[in-house]
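Next, two complexes with subunit A in common: one pairs it with subunit B, the other with subunit C.
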Partner chain A sequence: MNILVCFIAAPDLDKLIEEDWVIDKDLQIDTSFLKPTLNSYDESAIEIALRLSDASQKTKVSINHKALTIASTPATTILKTLNALRFKQVVRIDSQDDFRFRPGAIAYILSQYVLKHATQDVLFLGRQSTVGENAKTHLLVAERLGWPCITQVSGIEVIDENHLVVTSQVDDGQIRQKIQTPCVLCIGEVPNTFMRVPTIKDRMLYGKRPIEILSTTDFQLPDETEELLDLKVISHERHGIFIEGETPEQKARELYKMYLKERLEKI
Partner chain B sequence: MPLKRKQIVEALYNIAGKDHVVTDEQILKESSVDRFRRFEAYHGVYSLPMPAAVVYVKNTHDVAAVIKFANENRVNVVPRTGHSATEGGLETALENSIVLDGSGMNQILAIDTYNMQATVQCGASLQELDDRLREQGYTTGHSPQSKPLAQLGGLVATRSIGQFSTLYGGIEDMVVGLEAVFPDGGITRIKNVPRRAAGPDIRHVIIGNEGTLCFITEITVKIYKYFPENNQFLGYTLDNMKTGFEILREVMVNGYRPSVARLYDPEDGAYHFSHFAEDRCVLIFVAEGVKPIADATATAIEDIVDRHDECVKVDPKLIEKWFAHLNWDPANLAAEKVEIMETKNVCNTTEISANWGIINDIYEVCMQRVRNEIPDLTLLGGHSSHSYLNGTNLYFVYFYNVVDCKPEEELTKYHLAIKKIIVEETIKAGGSMCHHHGVGKHRTHWIQKEYGSSYYILKKLKSAFDPNNIMNMGTIIPLEK
Partner chain C sequence: MIYKGILNGCSTDIATQAGELNNFISDNLHSEDTVGSTILFYSEKEQRDALIRLVPTESVKLVRITRYQPENILKALTTMEQGEMTHLYLFPSGFAGSEMAVRLAFRMKGSSLVQVKQIEYSGVQLIASKTVYANHVLGTFKLTKKPYCVSLAKGSANDQAINTRDKLIVTEYDMTHLHENQFIKASKAIPRKQASNLTNTRFLLIGGNGMKNKADTQYLKQIADTIGADFGVSRPVAMSGWTSLHRQVGVSGSMTKAAVCIVAGASGAAAFYAGIEKSKFIVAINTDSRAPINKTSDVAIIDDYKAVLDELVKVMREDRPI
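Right after this comes the complex of A and B.
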């Protein structure tokens, strides 16, 4: 079974200190000094693919897992790590363009990769990135490929060469479905799927295997993919009042007098 | 006849009050270890003798009363404040020990900006003290990675050092005076003066004693003017550590004092700087102080580095922003626990120091031996982060996947096995096996070799000040059976 894990190497926004959240005139934040990292959904997607490969002896289904990202050079470290984790192949589609708010363009490239470069049975995509946060790419990829898409996936079992049992979250619970490949699976919250860490020996043995490099120019984007025209910041600020007082007791008394007493008396 | 647990607890109730004595089983378990055994603790495995109680003392007189009781009844006392030790110094080596916790003695007693010193109780948070000082334009100059967690008593007891040590020095260069309680219950104060030549400097009996001689209750440290607006950050990538050590040496022997002078090898560097220094060493400097000094220091360092062709300058912003996330707060600890439990990938460190002439040899032999002899490593690297006129430190950092062993076997299979290589190679070459974490309980096997003929002085200190062996047994000096 050919599994393609599509991931994004995004700047580690946790490392952005408050004073650096400066939005420029184009509504961009300078993240050039941050190390790229994986979001938790992509980490889960990668780990699940590795676990399916681990289980292939038991399931008797050979797993051919490949990882792909659309990114510039700094993502290379992550790709080397995936090599060391023994992904069969890792691919970087080189891009200097800003794809953060262009899920349609990403979906086009990914679907073209599958159709023209390497046939796949299953695509894993993390639910959403920490930048852009479009949460649409998986749906758009499935639409372009004409494949079914299951969202909020939390568990995957391989049944045979052409079938998977997929567990996914829905509003009021979980569903398990047996589905036929090909399909697109959008990986949601999956407990206990931190990405494993390769040993130094594996990094030396496998980490330096070649990374297949393509370019976004290899995928001529049609005119109808979207173009970012504007971004607006939604203010989430709420009014707040500092309660003054010398001691916590005084502050609690003031809170009671000003805000709670009247409400409590009405009960 | 040793006292029974109940008798010890009763006595502690009488001394400190019932509200300040904790005998909850889980708290006792957690108080039997420090971060050295965190992998076991995460798995709920506590293999050491259980303490009788944890006493949260309120003042120096309570400390004195508890220690006097322990001394009279031969009960082991483990002093602690922030509980962030990493070398097993807070482990309870003996059953029914008293864990004497000074974290409640947390007051900042005085900030004297005329005489440039601040006085605090042992449980004062370093973060809080430094934040208070910085609001007024001053700083302690002390910034260990544990700054958000550590308290002054523990920092002094372990001879802590901070990230800006190349300018400000280690904690031993900052401490002016102290108050401490010795095993007979006597309260000793060393006054706060700029210098004295009235015999040996007895501050150093207390600084770094790791709770084996006394309990530190109050500390006065120097404070410094703080000029963050003048900070200059410099960063370079380079091919090899040997060149890096040479540059650090040139900076130091020519008298320049950047607050930060750090050199990372490619492995350790990749963990922090892979976005700009893949497979390269990284050299970092921060020049600070009043503007003429900061500028002159930065210019001189640039001149020195420029003489080495292999060095490539990087955007200073990469360095400046990296510093903002170097320290460990409770959120980091919580995240580390989750990650370790999920991945079984554990990080540990061992820090040593040596003169310039041997530091690179120690680095190379340790890297080679650990890499060849230890299984399941996922990262093995090192950095120098504290430089001196005559040498520097090396901080070996290693991650490993815990494979095919029980939680209680993890230390023996990995961390202690690595530590053994590093310590033995360092001592053999003529360096010191501990740079700034203290000896704790797991480098005691080599303490005689570390001291050589001067071990006599250490042993005499212990027998003179703690004749009944009640202070943190098994720390610094090995437990004799």
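Right after this comes the complex of A and C.
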């Protein structure tokens, strides 16, 4: 079974301090000093693909897993890690373009990659990126390919070469479905799927395998139907009064007496 | 402008969906030249009348289906809406709403945006805003192609009552003949065992990354039970599997609006804060004086959260038996 995991390397925004949130005239926020990381949805997608591969001896279904990103050079560190984790192939579609709010273009590239460069049975995508928060790419890829899509996936089992059992969250619970490939699976909240760390031996043996590099210029991009007009930093500030005291006990008593007692009586 | 709200009456969260639409319509779509209606999908005949009472517009199209299945809903919508002059389709904030907004726009050659907070229509384009950069920034976007399909931002429902009126039912459609998509070979719905009770809680205690293991989570849950608070966690705690996902607070979990919210051991990442920002009073307890949560809370204590909470239990017991 051919599985393509599509991911995005993005800055860890929680590392920015208040003063860093400056929007320039081109509607950019400088995050160049932050190391690119994977968001938790993409981490889960990668780990789930690796676990399916681990289980292939038991399921008797060979898993050919490939990882792909659209990124500029700094993502290389993550791609080397994926090599070390023994993904069969790692692909970077090189781009210096601003894709933060262009899910339509990303979906177009991914679907063209599948149609023209490498036939796949299943695509894994994380729910949304931390920067754009578009939450559209997986759906648009599915629409462009004419494939079905299951969103908020929380569990996947391989049944045979052409069938999976997929558990996903829906608005009032979960649904477990036996499905036929091909399909797009959008990975949602999946506890305990932190991406594994490769061994030093695997880093040495596999980390430096070549990465397939394509360019976004290989793809003729469609016009976007949504356009960014403005960005404004949101202020969430409140009073932020520090409760002082010699000991935690003193502070707790002050908190209750001055701030909580009356409020809790009204609840 | 002509708009249509789309409701999924097959889901048990239908009242929340209707509340969100009602609130969004009253805030954004009140000009005189705006005409709105609702398309309501449902499957259980006996629920029909109760569902109609939730509809936030005067006219409604009722569409009966066998069960909610995205492909079938899309097929039904594109068939029913072909040739209609609808400018805007509004979907609730849930998983289904965002999926439908994007896919319907693609199939109808329109434009879409999900998790939208506000809209403004100029006659030729729709301007919509939503949070980006993990809830740190508000982005304003122009949608250029009609129909505009948007899903609403999570937590936009409020307690505003829906005007009950004699609904004018425009049309009833029976789409129970639509077959399951063939890629599904078998399916089983697993209803949520424990309904999320955090959205409407009045008193909330939340544990963050300062909880280092399952025992810490259990300790904090016990404190919450003792002081009469509901218990929530930040995303990293939920992803560690130390408690069930329904306790997660933030953009990926519950959006709460407690009268009093105590946050223990959390730094206050913006995506988490979105889940508590509507709280009336926020208390932060953590050991990092530079943590963002200190500035975004009403009061903050810099200290070990366990020592503070243990004493809080004592003082509350002294003051009133708990």
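Here is the rule we go by: the second predicted complex is superposed on the first by the 221 of 267 C-alpha atoms of A that agree within 3 Å, B and C clash if a C-alpha of one lies under 4 Å from a C-alpha of the other, contacts with A are read in each partner's own complex, and residues count from 1 in each chain.
We adopt the following convention: contacts are C-beta pairs under 8 Å (C-beta built on N, C-alpha and C of every residue); 3 or more make two chains touch, one makes a residue touch a chain.
Because the structure is predicted, anything quoted here is derived from the model rather than measured.
Using the contact criterion defined above for the overlaid structures, shared-chain residue A:15 touches subunit B, although it does not reach subunit C. Using the contact criterion defined above for the overlaid structures, shared-chain residue A:132 touches subunit C, although it does not reach subunit B. Contacts of A:192 after superposition: both subunit B and subunit C are touched.
In the superposed model, A:207 makes contact with neither subunit B nor subunit C. In the superposed model, C is the one of subunit B and subunit C that contacts more residues of subunit A. In the superposed model, A:252 lies in contact with subunit C only, and not with subunit B.
When the two complexes are overlaid on their common chain A, residue A:34 makes contact with subunit B while staying clear of subunit C.
Across the two superposed structures, the residue set of subunit A contacted by subunit B and also by subunit C is 192-194. On the side of subunit A, the complex with subunit C involves touching residues 13-14, 16, 18, 21, 23, 29, 40, 100-101, 130-136, 139-140, 142-143, 148-149, 151-152, 163, 169-180, 183, 188-194, 225-234, 236-243, 247-249, 251-253, 255-257, 259-261, 263-264, 266-267. Within the complex, the subunit B residues that touch subunit A are 267, 270, 272-275, 278, 315, 317-318, 321-322, 324-325, 338-339, 342-343, 345, 371, 376-380, 399, 401.
Residues of subunit A that touch subunit B in their complex: 15, 17, 20, 33-36, 74, 76-77, 192-201. The residues of subunit C lying in touch with subunit A in their complex are 8, 11-13, 68, 70-71, 94-96, 98-99, 102-103, 105-107, 110-115, 127, 130-145, 181-192, 202-203, 235, 238-241, 245, 248, 252, 259-260, 267, 269-271, 273, 277, 280-283, 289, 292, 294-304, 307-312, 314-316, 319.
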